[in-house]
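Chain naming follows the written order as A, B, C and D, and within any one chain the residues start at number 1.
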Amino acid sequence: MTLNENLDTATAKLLERAAPGRAEFEDLVVVPLFAVAVALALGALTMLATNVDLATIGRSYVALLQGSVGSLSALSETLTAAAPLVLAGLGLALGFRAGLFNIGAEGQILMGGMAAVITGFSLAGLPFPILLPLCLLAGALAGAAYASIAGILKAATGAHEVISTIMLNLISYRLVDYLLRLPFIQKEGRADPISKSVPPNAELPRLLDWLDPNLRVHGGVFLVIAAVIFAYWLLFRSKIGFEFRASGANPDAARYAGMKAGLIIVIAMATAGALAGLAGANQVLGVLGRTSPGFSAGIGFDAIAVALLGRSHPVGVLFAGLLFGALEAGGRQMQVDAGVSIDLIGIIQALIIVFIAAPILVRAIFPWGFRRGEQK
Amino acid sequence: MTTSPDVSVMPQTAVATAWRRRSRIYGIVLIGLALLVAFIFGPDVDGDATFRLSRPKDPFALPNLVVPAAPFTYIAAALLAFLGAREFLRGGGRWSSIALGVGLAIAVVALLVWATAGKSFSLTGMLQATMVRAVPIALGGLAGVLCERVGVVNIAIEGMLLAGAFTGALVGSLLGGWMGLLTAVIIGGAFGFMLAALVVTYRMDQIIAGVVINLFVLGLTSYVSSQVFAEYRSLNDAPVFRAFKIPILSDIPVIGPMLFNQNIFVYGALILVAIATYYLFYTRNGLRARAVGEHPRAADTLGINVYRTRYIHVTLGGMVAGFGGAWFTLGSVGRFDENMTGGRGYIGLAAMIFGRWHPVGALLAALVFGFADSLQQKLALLQTPIPSEFLAMFPYIATIVVVAGLIGRARAPAADGKPYIKE
Amino acid sequence: QVTDTGGIDDNSFNQTAWKGVQDAEAELGIEARFLESQAETDYEANINSLLGDCDLMVTVGFLLGDATQKAAQANPDQKFSIVDFSYDPAIPNVLGQVYATDEAAFLAGYLAAGMTETGILGTFGGINIPPVTIFMDGFHRGVTYHNAEKGTDVTVLGWDPDVGEGLFTNNFESLDDGRAFAQNLYDEGADIVLPVAGPVGLGSAALADELGTDQLKIIGVDADLFLTDPEKGHVYLTSITKRMDATVLEVIRRAQEGTFEGGVIVGQLENGGVDIAPFHDMDALVPQDLKDELAEIRQGIIDGTIPVDGS
Amino acid sequence: MQVELRGLTKRFGPVVANRAVDLVLKPGEVLGLLGENGAGKSTLMNMLCGLYTPDEGEILIDGQPVHFKGPGEAIAAGIGMVHQHFMLVPVFSVVENVVLGIEPTKRLDFLDLAKAREQVREIGRQYGLEVDPDALIESLPVGVQQRVEIIKVLFRSADVLILDEPTAVLTPQEVQEFFEIVRSLRDDGKAIVFITHKLNEILEIADRISVLRNGEIVGEGDPADLTKETLAEMMVGRPVSLSLGKTARAPGETILDVRNLVVLRDDDRMAVDNISLSIHSGEIVGLAGVQGNGQSALIEAITGLRQAASGTVTYLGEDITGVSVRKRHRMGIAHIPEDRLRSGLIADFTIAENMVLDTYYDDRFAQAGQVVWTRAERWAAKAASEFDIRTPSVFLKAGNLSGGNQQKLIVARELSRETKLVVAAQPTRGLDVGSIEYIHRRLLAARDEGDGILIMSSELDEILALSDRILVMFKGRIVAEFDAREAPPDKSAVGLSMAGMAA
């Protein structure tokens, strides 16, 4: 049946969108600001409680600011820290949208990183424009493959993905330990478990080292931008993305509409894994230059927070990732200048999420500045 | 009362097709195991596998359990083959899962015998270790059960364990073990209450709330331990609850040491599991709690206060987790270290699902894990050609296999993870 | 000083190295600052953030090897020294500090073999890598030497130098593993255990403390744990010490005197860079003639008449 | 005990669900409460039973104003409600559900179910509500679950019973039995509120009728001097014709042909036992049967949602037994599922998204792997206005639509495709006359365009009104077939064969 292009008025009316109201504005702007403010305040209280004097607290927050956005190198550090968080976070977000609670980013990052580094040094001969993409691809594929294990298990036997991904994480650590002992991977002449280095022509080029060799920000940022756009397109434009969201929101309806649940689960997991694997490759090719035990450094778990904080929306994930990256970079500065342990950042991160994820809570604390009544 | 027809009337062809689908696969798996045992283990086993039931210095020594390795291996293989064949040809129905379970068990024992052939190790010790390693996981799982039975997903078990461990060490160092234990339980409860407040009152997404609490506790404990414990070491030197024998019972060979020569955490875990089971399935409040987890609105229409029920049980869950956390410090090593729970909370979560949201199930799941864990330690000692990393993976792989193979689609409480909005 | 992920208070190498720095602070009146690494990704950033505002930077742990090298080459006029690592070819502005721990471990093995009542000793490691297994090798060979000399039949559980496999916790954090693994060895009859896994060993100490030292004794590594872990000090028969404090102090002195140059310092029995700690509380338990034998063997190792590498 | 509602008002944000409602319930009387979907019937009663608190107005019991803080207090006051959507815990046994909230216990809080079981049986005997106290709810057919709900209320010895659309899921026989129960309760001196859409039922059982529209009482009266037509008009606010004016039509070529079909449930029990049937172009085949006799299973097999254990399904001469759901959609099989919220649509997707839920991949909306939403939205808007779905915009979440409009959305989605076979399960369950009438006309239109149509419904009236041919399923078999082309067959005959008795 064809649809006639000239729509009658009734139909036209149905196509009018409600303009974003004040509620959206509050949720997207006001609440986060309050959240950060409150979190920092509570962070300060924590320091007071552990008898840190006010001066130090002041200095540490100044350091936090400087270390995150205060200077070029600070920004560079922030971006460097944010990149893997966003990449892995995007993967997790896709999973969440498809109704999969995938805790496995950590393991997928490790696998991706290993694959990237192995490809890197084994094909060192290839020219940069071929080798780098190849390494990234290897990382993505490895991550995808590793994640698919959980996907296939769920689709085939209904094994709960939370369990299988947790276990796959633990397994991946050991796997990396083992791989790093293999002669063809371990750096020659080294006793400790450390892989051969990524050849220069496989590294993600540093963007600002012509300004100052210590600026670490690297090509990964473009990777991130691309990934965000891709994830957005996938979720909200593509057919498969529609299927992800449908079977995430109501698996039964999706099945009745002729979508293949099992297939979708596997594809969703694989895509999530690919992005996490990319995060791993990004770390290896852009920051570490090689792999060693546990080089994922818990990014996979922070990414869960990032994805949730970003409400599983690609753009949200981007901002959440930048926020976390900033806190991390700033935290390091904080430790140097004020001697306050970086662990404080963990506390602040947690608090920020609380207040953003529970707007009602913020509204309860700050009744003013919010429209009365409405609470959905 | 169901109006559906009874099985007898259905045409054989139809039944068969349906049942065989599953049992075929199981059959193949079992036969695969049989081949593995026969041809991988079989060839190079010789001598006897000796399982010691007592230590060199034990007061009265029990005779060792000696298994002639080669014959045993082949018998095991035969058994597996038989099970497999039976499953493959005309298995099905309820027995399939059991057959697979038995099969896996046999395979594991065969592996043990193969590794031990010509050597010996302490079976008693292994079982005791199994129990000990299972404790925090079982308690974590139990905490999860209490929360999810009222419809609140608790990802925060890890954080609650960590909080318990920390408090146990700190207060234990200052005021002694018992006070440490008590406060650990209270703090655990406090975090439970916090979780309840976030998800029930402030309708925060339950998973996010859980993740947040984990982040928060990890941050706080690490912060304090590096900021404070580093300087004041005396704040991180708690007494450890020692194992004590339960008269008579502890003298039962093998089982005795495993169950009745342990510290209060082991006894506590066992007792708590028993109590929880009784409470959830045989008491009025248990029934109400489960109703809230399955169909909150129905419970509400019958005058059961959904919110209060959730608050209470999530807090209780937190207290159990706090107790489990104290085990790491007061029950084991007497001092706190950053992130010392190392993901046990998540494994507890797995144990809960794997144990089908049942306290006893969670305990058994935890034991399976503990067993796999102590088994890999023994195998490492017995110097099997397997690299230690792979041995270390064993517990995790085992968990995945069991969850995928035996459990399949376990059924969570219907309202699990869903906030309840009254109007 | 930039630490490894263990943390400054790990009762192990980070702490010992830090002690060296503090000694220098005291003796040479220098000013010191430290920075803890949370994760691998921090190394480079941490080093960078200390760059410039100190004359000598001490990085601790072989894992920082690459980061240090990178930084050193990028900043040729910043002095570096790295503990537990050396470069070849040497980097002009980096002084490596490495330790022949197997020499001391050999002594410990001989001692343990002489002390055991069950005739069974145990050891386990963090991860299966040379820096760890070198202890276990030396220990094992010390025992073998004792068996050969004394015709005893003491066995070592948890490590087989020939196969290269053994008992490993596969982490350096979980104290509870330390306890469980020691328990495992104890169940197999071991009455002296050598944990080579940094802080994880503290868990083993907790077990020994609980069982009583007549049942189980522990041999520490890196630092003299009797001193750094006073609460459980009494359970340590001895410790295989890397005197990082000594070498670090030495390095700082050179830096101050301006005699600093790139290369490597090897800590050996000879120069006191490695050793076994005094027996402290257990001194009485160790028979005099065993002490004498140890003294001879030490000499033998120093003048090379007793090969520790098993040959 | 006499209950009086005075000026009750309830708002949900902007929506005013009830506006100043006055109502009186007398002992020994059945009050029929009639109203369209969304008229506010349930809301009103939820206030009476303590679930919601009124924004304005008050409730008086025997003249005394009462303020319930929760359902517990209402129950204590002797008010019991059987909710429109069952309030039963599926994994609990009958007795556990019945005692929930007022459990008899021994020492240590130990549940004393033995006593309760006896009481349940007792109540069963007294009012003819036999049910096995230990059966699991989820294993019970809906008809029986209904009884359990009533036992629950009686177990709490309520004097006021509120029955919210209790007959929606019952067969004629069950309805008659149910009326007996209601009458015996009334004669027992209980005050009863009977909520329904079904005009003939309310005329049969009620002693007094109140009609609710847009949250207000728009009419009251005595059944004796009210007719279906007048009631319908009060309810909808405009005259509605209750007869479809369906014309006989000669069936064309065979569209669907099912041979010796056997279908099993997830637990491998038999659902469909060797069934053969065929559906022709231009005919509506009604599939009658008590819930739980395999109709859904049969439909799932026809639509490809459940694989057939044996037998064949042939569609337009092509064997589609193994063909995927998607493929069948594309071949022109439309499916209006049994449970709209569970499997029909996605509550938190927009109307537009739901409108293309099973056609988004089609060239009309998709190209190069992506969905062109502008097209989909225009299409949705067009269909929405065409099928008169009452909504301000297609960007609204489908979950915010009233039941009737949700169902229309599904019908619109399914019928506005190129179809040859329409499988409709419970197409009008729980809808009001207006919507029912509309959907029926749509189905007939489809038939007249030459589609073959299979309708499964637990509402026999619906089957009788629409079908050209009626098949009755019992225990997985087709036990009777009636020709209804000229005149609908005798209702009781069909009803009997549904109950498994040879007609």
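Heads up, the rule we're going with is that a contact is a pair of C-beta atoms (placed from the backbone, for glycine too) under 8 Å apart; a residue touches a chain by one contact, two chains touch by 3 or more.
Bear in mind the structure is a predicted one, so any value in this text is a computation, not a measurement.
Student: Report, in whole Å, the distance between the mean C-alpha point of subunit B and the mean C-alpha point of subunit C.
Tutor: That pair's centroid distance is 36 Å.
Student: What is the distance in Å between the mean C-alpha positions of subunit B and subunit D?
Tutor: Here subunit B and subunit D have centroids separated by 44 Å.
Student: Using mean CA coordinates as chain centres, what's the gap between subunit C and subunit D in Å?
Tutor: That pair's centroid distance is 76 Å.
Student: Name the residues of subunit C that each touch 2 or more other chains.
Tutor: 36, 128, 170
Student: Could you tell me which residues belong to subunit A and also touch two or more other chains?
Tutor: As it turns out, subunit A has residues touching two or more other chains at 174, 177, 181, 341.
Student: Once you've mapped the touching chain pairs, tell me: line, ring, star, complete or other?
Tutor: Graph shape here is other: it fits none of the named patterns.
Student: Run through the chains and report each pair that touches.
Tutor: Chain-chain contacts present: A-B, A-C, A-D, B-C, B-D.
Student: Looking at the complex, which residues from subunit D come into contact with subunit A?
Tutor: 13, 303, 305, 324-329, 335, 337, 342-349, 353, 357-358, 360-361, 364, 366, 369-371, 373, 375, 377-382, 384-385, 391-395, 416-418
Student: Using the touch definition up top, name the residues of subunit B that touch subunit A in the complex.
Tutor: The touching residues are 198, 202-205, 207-209, 211-213, 215-216, 218-220, 222-224, 226-228, 338, 343, 346-347, 349-350, 353-354, 387, 389-390, 392-393, 396-397, 399-400, 403-405, 407-410.
Student: For subunit B, which residues are in contact with subunit D within the complex?
Tutor: Residues 1-5, 7, 9-11, 13-15, 17-19, 93, 282-285, 287-288, 290-291, 294-295, 297-305, 414, 423 of subunit B touch subunit D in their complex.
Student: Which residues of subunit A touch subunit C in their complex?
Tutor: So the residues of subunit A in touch with subunit C come to 77, 81, 173-174, 177, 181, 189-194, 197, 213-214, 216, 283, 287-290, 292-295, 297-298, 332-333, 335-336, 341-342.
Student: Looking at the complex, which residues from subunit A come into contact with subunit D?
Tutor: Interface residues on the subunit A side: 1, 3, 7-8, 10-18, 233, 237-240, 242, 245-246, 249-250, 252-260, 374.
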